[in-house]
Amino acid sequence: MQVKEYKPLIVAFCCNWCSYAGADLAGNNRLNYPADVKIIRVPCSCRVNPMFVLRAFQRGADGVILCGCHPGDCHYTSGNYYTRRRMALLFSMLDYLGIEKERTRVEWVSAAEGAKFAATMNDFAEKVAALGENKRLEDLRCKR
Amino acid sequence: MQKITRDQLIEKAASLLANGTVSCVLGWQKGEFDYDITPAVFETEDELKANFVWNDFCGANFSKYLVSKTKKCEGKILVFLKPCDTYSFNQLLTEHRFDREKVYAVGIPCEGMADIAKVKAIAGDGISAIDCSGEKLAVTTIYEDAPVMIDAKDVLAERCVNCKSKKHVAYDELIGEDGDVIDSARFDEVAKIEAMTPDERFAFWQNELSRCIRCNACRDICPACTCEKCVFGNPNSSLENKSPANSFEEKMFHIIRAFHVAGRCTDCGECSRVCPQHIPLHLLNRKFIKDIDSFYGEYQAGAEVGSRAPLVNYTTDDLEPGEVFERGDN
Amino acid sequence: MQRIGVFVCWCGSNIAGTVDVQAVSDALAHEPGVVFSTNYQYMCSQAGQNMIKDAVAEHKLTGIVVCSCSPRMHEATFRKTAAAAGINPYMVEIANIREQCSWVHKDMQTGTEKAIILGKAAVAKVNLNTPLTPGESPVTKRALVIGGGIAGIQTALDIADAGFPVDIVEKKPTIGGKMAQLDKTFPTLDCAACILTPKMVDVAQNDKIRIFSYSEVTDVKGFVGNFDVTIKKHARYVKEDICTGCGACTEKCPMKKVPNEFNLGMDNRSAIYIPFAQAVPKVATIDPNYCNMLKNGKCGVCSKVCAAGAIDYTQKDEFIEEKYGAIVVATGFNPISMDKFDEFAYNQSKDVITSLEFERLTNAAGPTAGKLLRPSDLKHPHTIVFVQCVGSRCDACAEKGKEYCSKICCMYTAKHAMLTRDKYPDTEVYVFYIDVRTPGKNFDEFYRRAVEEYGVHYIKGMVGKVTPEGDKLKVQASDLLANKQLHIDADLVVLAAAIEPDKSARPLATMLTASMDTNDFFTEAHPKLRPVESPTAGVFLSGACQGPKDIPETVSQAGAAASKVIGLLAKDKLTGNPCVASSNELMCNGCSTCERVCPYGAITYENKEFRMPDRTTAIRRIAVVNPAVCQGCGCCTVACPSGAMDLRGFANSQIIAEVDAICK
Amino acid sequence: MHNKNQYLQEELLRTSGVNPKKCMRCGKCSATCPAYDEMEYHPHQFVNMVESGDIEPLLNSKSLYRCLSCFACIDRCPRGVEPAKLVEAVRLAAIRKQGANHLKADDVPAMLDDDIPQQALVSAFRKYAK
Amino acid sequence: MKVSYFPGCTLKTKAKDLDAYARKCAEVLGVTLEEIENWQCCGGVFSTSRDEVATKLSSVRALKAANDKEQPLVTVCSACHNVIKQTNHQMQTDAEFADKVNRYMAPEAPYGGETVVYHYLEMLRDLVGFDKIKEKVVNPQTGKKIAAYYGCLLLRPNKVMQMDDPENPRIIEDFIRAIGAEPVIYASRNECCGGYVAMESPELAKKKSNAVTSNAAAAGAEMMVTACPLCRYNLVKNGSEIPVVYFTELLADALGVKEDTNA
């Protein structure tokens, strides 16, 4: 029997102003991180609806990470403060339902932090890979 | 037994109808069974005398009905509010969901409501009548001649065992005495689940939520769920789904529902009361309330009109989403 | 169904080196909606752009996906290309296969696979894109400056100089602000009045500038380019246009025991008064709290002596409504109250004063006609102790004072000390400091001169207690460098009180939906790059309302704010960002949740009549987004419980389509 | 820099609840101290010396017994450092040592007069002895 | 109105008059002072150290006794007041400390700082009201120029004591006005008299006390009032030029019960 190498699928929501630019900077500096990470650009981390996070898990993502400007640096002044509350509660609820807490993360990455972006993605991908496939929040109908 | 009587309430309603203060009354009426009490609109004293009910099964929270009824009723509506109902009442006012001018709210004390499941556990099936007027509940079944006498304390609904407040936070008029906010143990159950291992938690909820038949009763009764169009019924929302096809759907529905009411849920407990599958849905909402209290400071939705709910508020030094797991973690 | 063209860029070898561009364009050709797919060496080049234009024409494309570098690099380029080709620029999406793919992955197979997925996500999004048109709104070519101190004066003059009309609203009877109360200015020691009053006259004489003195803003509606402002003009009981400012009334007024706020209560004025000789407008004002005529109808002297007939005891407050395109906040500062710092005995002795009071005591137009005499007995003080940082740099847990450095105190104290030693060499001057902070052109040199040439005693340490006894102020202080406790018998103690934003700032911020920090200073749109703009479009900041500032800094910020205003008013129309929120009124609950998270105040509510399914009508409260104010963060879309609120260009359905495409 | 008094320092900071890092070296505590002239080490020095780990001189100094516990430095410190709490912590560290009482019962009679109130006596014992 | 009362050791010995007048005046003002049974000395000074537990137990016992009767706790002596109020505050805010205390005392219900502590002056201001005192004055102290002496313990640390503005207090001045006299404001009213250090260093106490009294005299005071026996001792012993009396004595005089008091 052939065992296919397990590769986690990670969805990263990045705010346009800081984190997406941070990801670009990681690219400019040729800092590697796993290709398993796929970035979706949103205007602000506060645009990310918990529904999107669940949707990603449903469709087969193994980890979801949100990146935004550092608190206090939001392009829209306060967006990431709301993100912080929303995701704190959402993650706590997922944990309460017994879903592995390492599958979700919020990280603040500025436009200057290309290295932090790459390091964060490496670390997150590694943690998610260690957990293996997302079973607890999967929808078998959507499996690859 | 409730401290105030049906007659007191009818008398109050009749006099408010008679002097023109209100044009209709939102009250309880008997359903198919004595314990199956449904909300109804009364317009005359005769109707009240014939069908109005007030007993240990009048758990229904009328606040939500005001959203549609105030739009339909010509004059003012009289609504009877138990202490816990007044929180939902305020929360809906905060969200501009009905016109306060069109409501005459009468606060009534509540000694706690009975849980029919607990009654059945004692008296058995085949209940033909329940008399709540005495010191004890007299439950008559089709199998026995003599009624089974049950102490109301033994069959209190979970939400009443853990009653958070006997204080009315909104009313135009109060019948009886006002009580106090109670330092309840309502978060103990949540804490117990939190103390489990992730595997145990997963198994616990898998077991509970797998019973969900997606009847939407929890949503339909919830006083925080008054959306003009619910996301779960909207084909464009990506959340629409009519049956809990698999465990993802079950979880998603309940997570999103709890999240939608987070910071707005007054913990009235109606969701668990009406769940035909006896899923402890209040434990999801209470988890958010407990988290909100511990992360952002105590907040009781509906305690006052116009307060800023925790999810539409922030401080610059809120805790980070990653830190929520460190708190109290072994 | 869209007709989408996919254009994969090689970026020379930047992309093509790690991504098989042919495989990408082939794979994407089969995606739903894609009718054309190709790749080219440099998509952003003229040739590449022409290729897109041609394809649009040939294949009747309605949407474009460019797989290339970051959208932050060339999104604008390709949007222009699309517009030139005749399709809506917002029908373009970029798949970032360079910065986020070819540059971070080494393996060709991995890179190609990821590039295809990113391309698919972009295609999925474009399938749901809709043409967007930026909204346009007209610009009212008039500016409002709130506050008539040096910040407001300079801003108004600069805006007027560019040819735009400006109104200044000042709550006091005259413009001039704090600078008018100062004696000399550091580090050049020119006289404040000599440099300020000509500017005040310029304002008065400029036909582009109107001054609403003794007035305040009571309501602000609207948005950038289109503000509707209500200004309340307090009744001054003197007809402004008739009064000549001769001053006869102030001389004859029998009520002369009114504390003179211009001299900080150190002397008295009459009930009808002109704050100071060079006031602008130079018009008398009757203080209704003290005027006997207004209080009990007995007097009327001023009316009798006024040759011009300007007195009008029946005048009422007046409300003026005016439209503005831009608003500049220049509300300034005040020294904090010394009540919580009574270890310095400010409330117990007249001879313990604040630095601003000291300014008046040394000012030729002040209560002592410029002679340095102490308030209690009008004697010349021979020992003066200056205390720095009173109420500044306090930790929040000390529960009094401010956490920030007030910035101007070190320099003005050096100035006071130097001037005192210059004029009165027989006076011993002590300055107790924690740190001397003098960053600024010629600032440290100035401070050193105070020490070296003028012999001011600078002592590192703080005063702990001031005990008035007899005609002395016993000062107990520490000298940290000598490790000694000092006891000085002083004649005058001067406190460098922390400064705080004017009390009117907070209600004003609420009216403007402009944000403030915890100290009530206005927040700038970006601390480095947009320091004179508030996050609220069309609202600009000038002077100390944004943070402690000295005069040169205030004037430069005032000019910067003016140039921003001029830039705005020079436009005939404002073009907005079309990626804004909009609410589906059929689904809106009117619950106000979105309004509470909107940082721009872009959401308002209106009651609208709806036909209900049962053929009745009902009035419902619904949210309305002002597209000119919305900046498109999308916070409201997540806050909205019913999903009525969505964001154009980043709609729920589009993001979900991207998620689905990535996870497929 | 090696701090040989690290354990004692941590203990002092913990029991006093003082964070000397908040100190901005303004000297207001020493400016306000009524017992300054009788002290070898002054309130601001307590803060600085504990922070730098230079604690022994303080332990052996009479300054410990001159603090009047008037709390003026606590109220007037603009940074909320509360030096008196640190003096108290160092003093306890000194007198809690075996035989290190500063005041012995035998010394007391000589200090008394007819009018001295009891509270002075009990206070002195609290402050000087364990 | 009934309140729990903690007299303290000095009020049972050297300052009996302070106590006797306080009791008599309370009677007149309609307050019943119920002395706590078996109270123990508070220790005279509060240790701010978080690991000092045993020395604070006597204060907790008094607080707990008042709490059991659901009464506020009133003290007259500034030192007792300071110690008890600070201990109460520590019980409220330092959970580790409160836990230790509760384990040590093992009360039926743990005590968490619920008792409200009043100084007698606060009781006059907040529970009785200076207006009411004014009404009850039969012998107004008209014409007397009186300097209030707060010392340190009444006001500081302000975060805990929460009695008045620590730098510009007015509670005693208001009291002086209520009994018909004229308060004299002077800066040293919240400076230390030398306290217990008087035992070991009488010179220091003399210096501090003289600074206070001379400042008050220079401000035109004819008399000083204080609430603290140790303050009074230091001021008087070190040769105050003007008399120093307890505020309760003045109050008793104003209320016309000075002669009836068994002081």
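Chains here go by letter, A, B, C, D and E, matching the order in which they are written, and residues are numbered from 1 within each.
The criterion applied here is as follows: a residue touches a chain if its C-beta (ideal position, glycine included) is under 8 Å from a C-beta of that chain, and two chains touch if they have at least 3 such contacts.
All values derive from a computational prediction rather than experimental measurement.
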Given chain A and chain E, the chains that contact each of them
C
Centre-most chain [mean C-alpha coordinates]
C
Between chain A and chain D, what is the gap in Å from one C-alpha centre to the other?
53
Distance in whole angstrom between the CA centres of chain C and chain D is 48
Do you know which chain A residues sit against two or more other chains?
50-51, 55, 78, 82, 86
Where chain B touches two or more other chains, by residue
237-238, 311-313
Using the touch definition from the top, which residues of chain D touch two or more other chains?
72
Hey, which chains are touching each other here?
A-B, A-C, B-C, C-D, C-E, D-E
Sort out for me which residues of chain E touch chain D in the complex.
8-10, 13-15, 41, 43-52, 55, 77, 79-80, 151-153, 155-158, 166-167, 191-192, 194-201, 204, 208, 229-230, 233, 236-237
Mind listing the chain A positions that touch chain B in their complex?
50-51, 54-55, 57-58, 71-72, 78, 81-82, 84-101, 104-106, 136-141
Given the complex with chain D, which residues does chain C contribute to the contact?
343, 389, 393-399, 401, 434, 460-465, 476-480, 483, 485
Can you list the chain B residues touching chain C in their complex?
71, 94-97, 226-231, 234, 236-238, 260-261, 264, 308-309, 311-313
Can you list the residues on chain E that touch chain C in the complex?
159, 165, 167-168, 185-188, 191, 211, 214-215, 218-219
